[in-house]
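Each in structure tokens, the structures are laid out below.
In the two complexes that follow, chain A is the common piece, with chain B as its partner first and chain C second.
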Partner chain A sequence: MTKAGAKTVQEAVGAERRPALGGQDMSARGVKVAVLPPANRVSLRVPEEAVASLSRALGVALPQKPKTSAAKDGRTVFWLGPDEWFVFDEQGGDALADCGKAKGLHSAVDVSHRNVAFAVSGPGAEAAIAAGCPQDLALAAFAVGACSRTVFGKAEILLYRVSEQEFRVECWRSFSGYVFGLLGEGARDAAA
Partner chain B sequence: MAESFRLPGRGRLAQARTARFTFDGKSYSGVAGDTLASALLANGIHLVGRSFKYHRPRGILSAGAEEPNALVGIHRDASRKTPNVRATVQELYDGLTAVSQNRWPSLGFDVGAVNDLASPFFSAGFYYKTFMWPKAAWKSLYEPFIRSAAGLGVAPDQPDPDHYAARFAHCEVLVLGGGAAGLAAALAAAESGLRVIICDEQAELGGSLRFESGAAIDGQNGWDWAQAAAARLAAMDNVRVLTRTTAFGYYLQNFVALAERVSDHLSSPGDLPRERLWQVRAKRVVLATGSIERHMVFPDNDRPGVMLASAARTYLNHYGVAVGRNVGVYTANDSAYAGAIDLKRAGVNVAAIVDLRDNPSGPMVDEARALGIEIHGGRGVVRVGGRLRVSSITVKPRTGGDGERTIAVDALLVSAGWTPSVHLFSQSRGKVAFNDEVKRFLPGTYTQDCISVGACNGTDGLAATIDEAYAAGAKAAREAGGKAGKAAKPKVEGSENWSRGMLGAGPGAEAGTTVKAFVDFQNDVTAKDIRQAVREGMQSIEHVKRFTTNGMATDQGKTSNMHGLAIAAEELGKAIPEVGLTTFRAPYTPVTFGTIVGHARGKLFEPTRRTPMHGWAERNGAVFEDVGQWKRAWYFPQRGEDMHAAVNRECVTVRKSAGLFDASTLGKIEVVGPDAAAFMELMYTNPWQKLEAGRCRYGVMLREDGFIYDDGVVGRLAEDRFHVTTTTGGAARVMNHMEDYLQTEFPHLKVWLTSISEQWAVIAVQGPKSRDIIAPLVEGIDLSDEAMPHMSVREGRICGVPTRLFRMSFSGERGFEVNVPADYGEAVWEALWAQGQKHDACAYGTETMHVLRAEKGYIIVGQDTDGTVTPNDAGLDWAVGKKKADFVGIRGLKRPDLVAEGRRQLVGLRTRDPDVVLEEGAQIVADPKQPVPMKMIGHVTSSYWSENCGRSIALALVEGGRKRMGETLYVPMPDRTIEVEVTGMVFFDEKGERLND
Partner chain C sequence: MLLIRCPYCEEERPEIEFRHAGEAHVARPSDIASISDEEFEAFFFIRANTRGTVYERWRHVNGCARFFNAVRDSVSDRFIMTYKAGDPKPKKLPGV
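Let's turn to the complex of A and B:
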């Protein structure tokens, strides 16, 4: 056996990042489904007494009401449970590092590569998602900024209303082919 | 052929817009807007099918969804052949092809009709009585007979090429049924601005206004008012109008399933789905499901040409079709008079109205009389002439005696009264109550937020219906949080009023007669059959139903249930409510599998989960196996290799040099918090408090009952952070199990769980050369044995990206598991592969992984355990912390049966003949000469050919196994008995030296 101590890296070159479904999209009349670029993501768990501390560290006040979100400077936080938040940063910010600066007790876990995100937009977006999501998606029930961990067909998703006619759908990486396919079928029917 | 029964200027269809269709190969012409039934009748065709049991010629009974007889096949092309389509529901399109069913060689002459003559042998309970013995006849005689006789129509033999859509929807008020009642309710509810959905099974809203010629609402003819109201609703933003849509299932919390037929009525559907399933959650539901007319029960009442009065009226008033030129009417209530009057006014001769009531009277009777129609009160139809088509009726006084008279007719309109459609109400778990005065079951106790209005609620008369429905719609909207609107209630100025009628068999079909007076047309159940069931001891209607199959056909007894119930009650000498009512179940009318399946077919049947390195494996010839929803590389055959050769090569290569294995599917959970170690102590049998950061431990998880639930290697990344791995199959349930205990049993612990299964791609590099392969790519980690011994974990970088690098082994060789963020998985794999090539390493799949671990006696939870195996049974006592005061399963492990002698223990087996590979699951006995059934003392859990050992190896659960070392046991197989020796579980490198070699 060769002795392998701490040694210089001879052949390592930065490994290429290959996101699932990278750059794909599909559209039907009135609905467009696009795979969004990678984002920085953190699964955040915070007991009540540390919420203020983490809010400061992240620069976004952690939302307190079910189905609500908060956003600031490219960083969005979803309320997912009484002590659970989902943070994503689309402008290169390192949410995990920011959490690390907080003094308050918490659990922050990097899940940047765990999820794949889709933008579903257009007048038929609501109908396309209703092909597999049993939630009431009417504006009155699911306003702009609303978010929820829910189901889409046989997959778990995070659903977020970006604007009246645009949703963000996140799912786990290995479910992305399925979710993309079902969104496509939903879009096709929304156009019918 | 000219449509000789289409009356010019009658009906609402544009008669100039013709559509061609064929029936049994013959070409006909119909009109746009026709149903197949109305188009056939326009061509003078009544004979459309053969009955199920007796192959009796059958015609068209109804004009709607309740049709029991007119079932046909609709053939679009070779792969689109739909059987059992109701001709009364199928809309005509140009080029439609329909075929009759259940006949051979032709509809007019059917050999199977001998069953009709042999009918004494096919009486009620025939199946229960006949196919009893001898046993041997089942396979050769009875089963083939039943199979060929059972079922109507022919199932398509090709995959369904259509697509089906699905949609969830929410509304405040859901109105089921779009007749006068549904429209009034929807109009009232829609005024509130709340979301309203109204659905109806027909192509247009309007319900019975389709045939009711006397109705006038808001100064308009009833039908025109309905169309205007529907248009008004459709134009409102808050209203969704769904036509051709059947509410077929009513479930908990106002969850209602609707089937929308999107394109079955189009000659070229294009890209439209065939059907769409709507799953609607409503705050309030208004049931406006109407009522269904019943036929009269008299001898040979199934002859083609015998038809419900309301159906004949629909064909006339809506489709402009006369169902005959010289029709008779047989009724026990007023509503059939309206049909006779309409037909007479349209120029059709009405030969006679036969009315069971002694002295029929009232405005309708007077009107009929004024039109010169002969009325035979107090009489019944006791005989019918004609076989393929009714040609005459024989009329006799109800009370018997003389005065029999035969009247020539070419169609007979029948009506025994109306049955409220309480199906959906009953499905909502509402309780119906029998109203003795009107002899109807009506909605009684409600259990959900719904309300019945109109005919389904027993409300007679259009004005009362609209009053009730409008108020209910407004109330539903108010209760759902809306404000009442200002729209004026529709005003009814003219309407017909008819109710009552009779239940059961009429004259000529009384008890004691042997005639065929049909109660259930589709299942060929006669009044006699029901009486016989009662005489043979059936007391409950549920038993009568199953014994006779009354109401069990695809029409679910829409026309037959009440008659059957009344005849059974009469025979039992009980009142109807005492005999009870059978349960209404979903679906209300048949629903295609396609609609239920929706998008979940083909690629979308189940999520197919692929790892980040899937593409590489595919490009490199991997054969995949399904592991749950995952596709996993099974083995990597090279040119000319079969599975056996590939696996042998992979197994040898890993032990000689190294192999790369995609372990990304393993479940991974990050356990974080100051109490992380305390939590781990409780969830696993092992001790964790003293595990240093940077070290790993194999953990065993039990259920409360003490049996093994999952296992996996756990790395401690920091004092307060663990990286837990689970089995692939256990990933989701282990996470749930841990979260469940954390929230319910250990909520005081400050610790949180996050699934990171998909954050990390995992590349196992196993074999003596594994360190040489990874070393050139790793940054910032000392890989020496001193710095990073077996069972340790380090964080650093590989190929310039972050890694959690585990030194661990599931092969028994020196090994590493390289975790990298998922999107980098494939590129890092490729870099490792390039390094591996320099050392003649291979890529290997799950089969080689299984063999290698079995050679080392490492168990797989779920294969070598089955939910009844304790750590001790599996030889894992060393993994149970003896000093621990508590963990999940600790008390379970102390149960007497779990510590008893003679439990099945996991051991190794070597076959006497090293070339024989045992079958997994094979049973083990101590004495192969004992008589059958033998006492089985265990079974084989894992078995492989081991190229590294040069022989077969196996693991088995055997009673008292560890005390049987060296003993010979036997595995009886169908063709031989295999001799095996009980051994330890480790077949290769017993001392475990290679982990550090």
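Let's turn to the complex of A and C:
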């Protein structure tokens, strides 16, 4: 279909992208839970010998140590497993296209709209997340910049510590209502 | 809650991030088409089910998603040690 044709169809059916929970937030004393705007996200699998090539292509060195992340110019990379990374770009960069420039063997899948992200911030943020997450979130165990795939209640999440009092929680879109609700409960408990 | 050491994440993690994945060190026959039904039954269905120290596969499914091996006491449920998939059975177990 031509570009003009696609536009006509889109207008005819009134198609628009509606982000899950778009723009909602929830506050309790000492904790704020906000739904973050859509971002560009890539699920990346890279064998050891191609890590340098992908790091160059993305402009961020893929972190090698468990539970660590790397960030540069609005683009963040999480270590998820020995050959698995999660990349997201909040400044409109196309991480998937950059991966395509790499010569090394890899698998990159655009999962931009698979995930919904929440910012949990404030002095009670740690306690709000601990309501559903079994990991040790103390600063000594989960430092600033630490990231991990883990569970929150019954849902799988990616957890990232942005600063001492701010976390980023990513979950699958279909779990977002549940995760947002439970984060809200955690925030209220943390405030109590 | 039990803490299980993931050899890939290199730290102890809560047990609900993990999933049990059966007995470890069960070698698949190299030419499975040529084995008899009895040999296939022994390989596929028959497990040791030991009382005491057991060698098991576990998966850090809500973490790094890796399979690894664990030595566990099936009576006390205590994890004795964990090691990476593909590594040989440890000759000596710590604290046993």
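Basically, the second predicted complex is superposed on the first by the 177 of 192 C-alpha atoms of A that agree within 3 Å, B and C clash if a C-alpha of one lies under 4 Å from a C-alpha of the other, contacts with A are read in each partner's own complex, and residues count from 1 in each chain.
Keep in mind that, in the parts below, a residue touches a chain if its C-beta (ideal position, glycine included) is under 8 Å from a C-beta of that chain, and two chains touch if they have at least 3 such contacts.
Note that the structure is a prediction, hence the values are computed from the model and not measured.
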item	value
Touching partner for A:Pro134 - first (chain B), second (chain C), both, neither	both
Touching partner for A:Leu182 - first (chain B), second (chain C), both, neither	first
Which superposed partner A:Lys67 touches (first chain B, second chain C, both, neither)	second
Contacts of A:Gly81 with chain B and chain C, given as first, second, both or neither	second
Chain B versus chain C as contact partner of A:Arg114, first or second or both or neither	first
Footprint overlap on chain A, comparing chain B with chain C	134-135
Complex interface listing, chain A residues touching chain B	1-7, 9-20, 38, 43, 45, 47, 83, 105, 107-115, 127, 130-136, 138, 141, 153-155, 172-175, 177-179, 181-182, 185-186, 188-189, 192
Contact set on chain B toward chain A in their complex	163, 165-170, 195, 262, 271-273, 276, 279, 281, 599-600, 603-604, 606-612, 630, 670, 672-674, 750-752, 754-760, 768, 771-772, 775-784, 787, 797-801, 820-824, 826-828, 831, 835, 997
Chain C residues touching chain A - in the complex, by the definition given at the top	1, 8-11, 13-14, 16-17, 62-66
Chain C partner contacts - residues on chain A that touch it in the complex	66-67, 80-82, 84, 134-135, 148-151, 156
